[in-house]
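Paired with chain B in one complex and with chain C in the other, chain A is shared by the two complexes that follow.
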Partner chain A sequence: MYWVSVFTEAGIFAILALGLDMVWGWGGDFDLAFYGYLALGSYMTFVLTIGKPTPPVKYIIGWHLPVVVAMLVAVVVVVALAAVIGSIALRNLREIYFAVTTLGAVSALYVLVENYTPLFDGYNGVYGLINPGQTTLRLTYNGYRIVLLGVVLFILFLAYLLVQRLSRSPYGRMLRAVREDERAAAAYGRKVFLAKYRSYLFGAALAGLAGGLFAIFISAFNPSAWTPQELLVIYAAILVGGRGNPRGVIVGVFVVYVGLIELTRFLPSPASRPDFSPALRQVLIGLMIILVLKFRPAGIFRERPGRDEPSRPTRPLARPFRARVVAAASGATVLPGGRLGSESAGLPARARHDGAPDEGAAP
Partner chain B sequence: MTEALLEISELSKSFGGVRAVSGCTFAVPEGQVVGLIGPNGAGKSTVVDLVSGFGRPDSGTITFAGQTLVGKPPDVISRLGLIRTFQTPREWRNLTVMDNVMLARRNFGNEGLWRCMTRARTIRRQEESDRAAVREILDRFQLTELKNELAVRLSGGQKRLLEFARIAAAEPRLIILDEPMGGVNPVLGARIGEAVGQFARDGRTVIVVEHNLPFIEKTCDQVVVMDLGEVIAQGPFAGLRDNPRVVDAYLGMDLGHG
Partner chain C sequence: MSTFLVSVGVGLATAAILALSAVAFTLEYAVSRIANFAHGEFLTIGAYAAYSGQNIFHQNVAAAALIAALAGMLAGLALNIGLIERFRGRSPISVFIATLGAAIIVQNVLVMIYGAANVSYTFAQGNLHHVGPFLWTTSDIEVIFSALAVAGLLYLLLQHTRFGKAIRAVAQDRTLAQVSGIPARGIVMRTWALAGAVSGFAGFILAETFGSFGPQLGFSFLLLTITATVAGGIGRPYATLGGALLVGLVIKIGGAYSSSAYELEYAFLLLVVLMLFRPNGVFVRRSATAVRA
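Here is the complex of A and B:
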């Protein structure tokens, strides 16, 4: 059962990481607010399902919604929060300024949640969402945990398919162009803010969904369960797996969570130093980041560049009619028989390699 | 003279205490290649930035095909049919050459997040026709063999060619080239000249900001000369040699031989 729980947690974080990678990997923005989105998704799922608080416990809403509905509402609330933070942080702030702003926003929320008890009962947090639907499904406790793992992996798989599809789509290509050079992207008609904003909201929705699953998984949630440091482990996982590659991101999360964090539990821990093992974990994660950056900077799976396959001969003889029309419109002359004259550009047929280094002086 | 595609009137822009552009006025007729020259600091690049929306003028008007450009962001201006380059080629470095040119096709309709999730197959089919067009363009600029390389791996000259391939793919009405000959060897320079000529033959209007005067003389129908933020002369290149203000601005440089 221990491993079921480990894999469930890794699966949930992989969903979060897929969303985060859209913002950081494709969009290039180092966001530090995402753990807050996961937390808000969790909190909302709790307060929408566990019913009225019994004093002295205090929290908002207190409904008895079915857990699936509650998770969907939670996602909407999370996206709304991301819409506010994103509209401020993404407009003109980049790099370290963006990171600090998002960190500041989520830290402010953190302090608010901790100290303003009517919201989510402050430090005590919310609890009581214990295996929702277990009795309806007539499952044992262990059976339920296994089914939960299955559900998490299934949702992860769906999220992966969706993100992978986006990654290879014109949208993914456009977002990466914005990452590579914003000014050039704008010069070619791209709305930089909107491109980033849409991926930010989509990523936040995945974070909120992960938060809802997390609520079911741990059945209690308080501020100590979410700190910005947790997000850095996710970033490490993305880096190891392959920034910008959805498959790599998932593999990275499983490598880091299952491989490192959990395997270090089996290390002997001296009785005099009970914090040895957790401390060693941090060291190992740091070491792993250094090694990956040194020997495989693109990660286990590198970002897939958009290739034009199969590599065809430069001048195929037969072309579909529409292609010919487009080619003609683009300024190339279409010779009889549908061939395109390479001389049409008026460029000398000379050499591929004189498109050459900068040193050549202008006349 | 044909009708003006771009009209700039009394354009001014200061950065702090520096008046980069002051009262700059000129018009670019549709279908012509117009050179924009002047000594360093004359305000040429600032004018390019203001026209393309990368800066906001303090005063003055810019009209492109009957629409005012002042206050419009760069992406909106680009969508009106104006493509500009930058002094150094700004390729999307970690994307392939193919993707760089595909992006320049500017098929905005297929870049919606929702559409990309739900209509993947339709989009893939539509992309195929764009791909075919892009392959032709890559062929024209001798980039076919490099199409699956990341743009960051190209040499400086190949990056220039990629820049021109992107412009050709974008099919703009007005092209503004900011120093296309910077750091370019003579062979490549000739090819860039040919490419500009081809844009003109395709009916596109081109503005070339350049210090290389022989290149300007060869490719441009007329020349606008700027100095200290204002236009000091406009007309065919041949007539400029006798203009004392132009000669003075260029510190007596022999315009005949650059």
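Here is the complex of A and C:
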């Protein structure tokens, strides 16, 4: 049962990481607000399913929706918030300015949720979503946990298929072209803001979905569950697995998450100092981020640009953009080179937002 | 009216601490062209050093301040030598993420040493004084004056010494400074030491003002620091001082009329407004370099 729980959590974080990788790995924008989207998705799932609050507990809404419907509504709310933050942060701000603005956004959200009790009951948080559907499905507690793991892995698989497909699509290539050289992409007629904005919203939707699953998984949620630092584990996982490579991202999450938990579980933790072992885990995460950035910035699985075969007919994913999407295929020439990395040597990668994939390509 | 004036007074005291932290942040940016996310940890290290030193020096303010500055200086040097210089030539965002990793390491090492709970660190705040329209404690006045003194010293250092001239040259163009015979590497290192010392001192007075602090002291102050820096103009020491004044006043006045718990919300609102309309800083000419990549 222990492993079921670990893998369920890792699966949920892998969904979050896939969403985050669309923003950071493909778009090149280092977003620190992302854990806020998971948190909001989680909170919304709670308040939509657990019914009216009993005083003195306070929170908004308090409906009794079926959990699946609630999760979908939660995703819509999360995307709405991301639409606001993204429209501010993505328009003109890049790199550090973008990171700082998103950090500001998540800090503001955090302070608001923590102090304004009528929203989600402040520091106490919300709770009471205990194994929804267990009685309907006539499952034992353990059986329910295993089914939940299956559901999470299935959703992760669906998300992976979708993201992988998007990644190989002309749209994914356009995003990468924008990342590599925004001005060149703009000069070729790509709408830089819209391209980034759309992937941002899609990524946030995945984060919201992960939040809903997280709500079911832990059945209680309060501000101590989502300090902005939590996001660093996800970034570390993406770095280790390989930025911009969906398969690498998933592997990275499982390796980092399961690996770290297992490694640090056997570390001595003095009973008088319960905060010792979690702190040591964080230190290891910090070290891992720095070491991977320094010595293997491309991660285990290097980013693979979609095969440059635009001749293969690709069904457009978003119909209204067909014209632009097809045109975007030509933008693929701006990409770093092929799998072996040798071709990339000749391609100038000017004005990189983050040269990680290129740097890894250097012998 | 009196709420307003009192909050302006408190705002000035906050702005003084913020100014020190932000000027140090901006100096780091000026010479290394990176936003140091481990900057807050310099403050935290300074505060903990002063806290650890109090057993030896028994509430001697000057000694505590000195220890804090010294510890901050060592931290600045260590980060520059151990991380920043090793990541030279990498994209700014990679270095930025690496400093974020360093920040997490420092925070949690401090948790391992001192525990995650806040430690109490109180100095006598002294009596309340009416200074003109404002209401300040003795320690508020000390904070403001020490910040002014440090700012004045920094001005003299930057404008009237060879070291200051070298810093400005490196900030403009490191390679050009190097070929002109300025030992750029050493200047950068000394600038980080200076920035670390100023931050360590800022951390000490921040901890003293709060009366208790934890390993997150500096990190939670970082957003304010960056807002102040960006408000003024990143990489420009004097503009940054103005930004600190602006941020300090906005959050304290806003907090006074709602609740002090929401101060960060005002900082964020200010940040958003600035990012939308004046991303290069309020005190920087419009024609200066664009933020857009």
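Structure notes:
Assume the second predicted complex is superposed on the first by the 293 of 363 C-alpha atoms of A that agree within 3 Å, B and C clash if a C-alpha of one lies under 4 Å from a C-alpha of the other, contacts with A are read in each partner's own complex, and residues count from 1 in each chain.
Convention: a residue touches a chain if its C-beta (ideal position, glycine included) is under 8 Å from a C-beta of that chain, and two chains touch if they have at least 3 such contacts.
Model, not experiment: these values are computed from the prediction.
Shared-chain residue A:Ile96: touches chain C; no touch with chain B.
Residue contacts after overlaying the shared chain place A:Ala279 against chain C, while chain B stays out of touching range.
Using the contact criterion defined above for the overlaid structures, shared-chain residue A:Ile289 touches chain C, although it does not reach chain B. Between chain B and chain C, more residues of chain A are touched by B.
Of the two partner chains placed around the shared chain by superposition, chain C is the only one that A:Tyr235 touches, whereas chain B remains out of contact.
With both structures placed on the common chain, the touch criterion links A:Ile88 to chain C but leaves chain B unconnected. Shared interface residues of chain A (contacting chain B in one complex, chain C in the other): 351-352, 354-356, 359.
Chain contact summary for the complex, chain B toward chain A: residues 52-54, 73-75, 78-79, 83-86, 90-96, 98-100, 102-104, 106-108, 110-113, 115-117, 120, 123, 127, 129-137, 139-142, 144-145, 147-148, 150, 155-158, 160-161, 166, 168-171, 181-191, 194-195, 197-199, 201-202, 212, 214-215, 258. On chain A, the positions that touch chain B within their shared complex are 162, 165-166, 169-174, 176-177, 180-181, 183-192, 198-199, 202, 303, 305-309, 311-312, 314-315, 319-320, 322-323, 326-327, 329-332, 340, 342, 344-348, 350-352, 354-363. Looking at the complex, you find that chain A touches chain C at residues 28, 30, 88-89, 92-97, 99-101, 103-105, 107-108, 111-112, 114-115, 182, 229, 232, 235-236, 239, 273, 275-276, 279-280, 282-283, 285-290, 293-294, 297, 351-356, 359.
Residues of chain C touching chain A in their complex: 35, 83, 86-87, 90-94, 96-98, 100-105, 107-109, 111-112, 115-116, 223, 226-227, 230, 259, 261-262, 264-265, 267-269, 271-272, 275-276, 279, 291-293.
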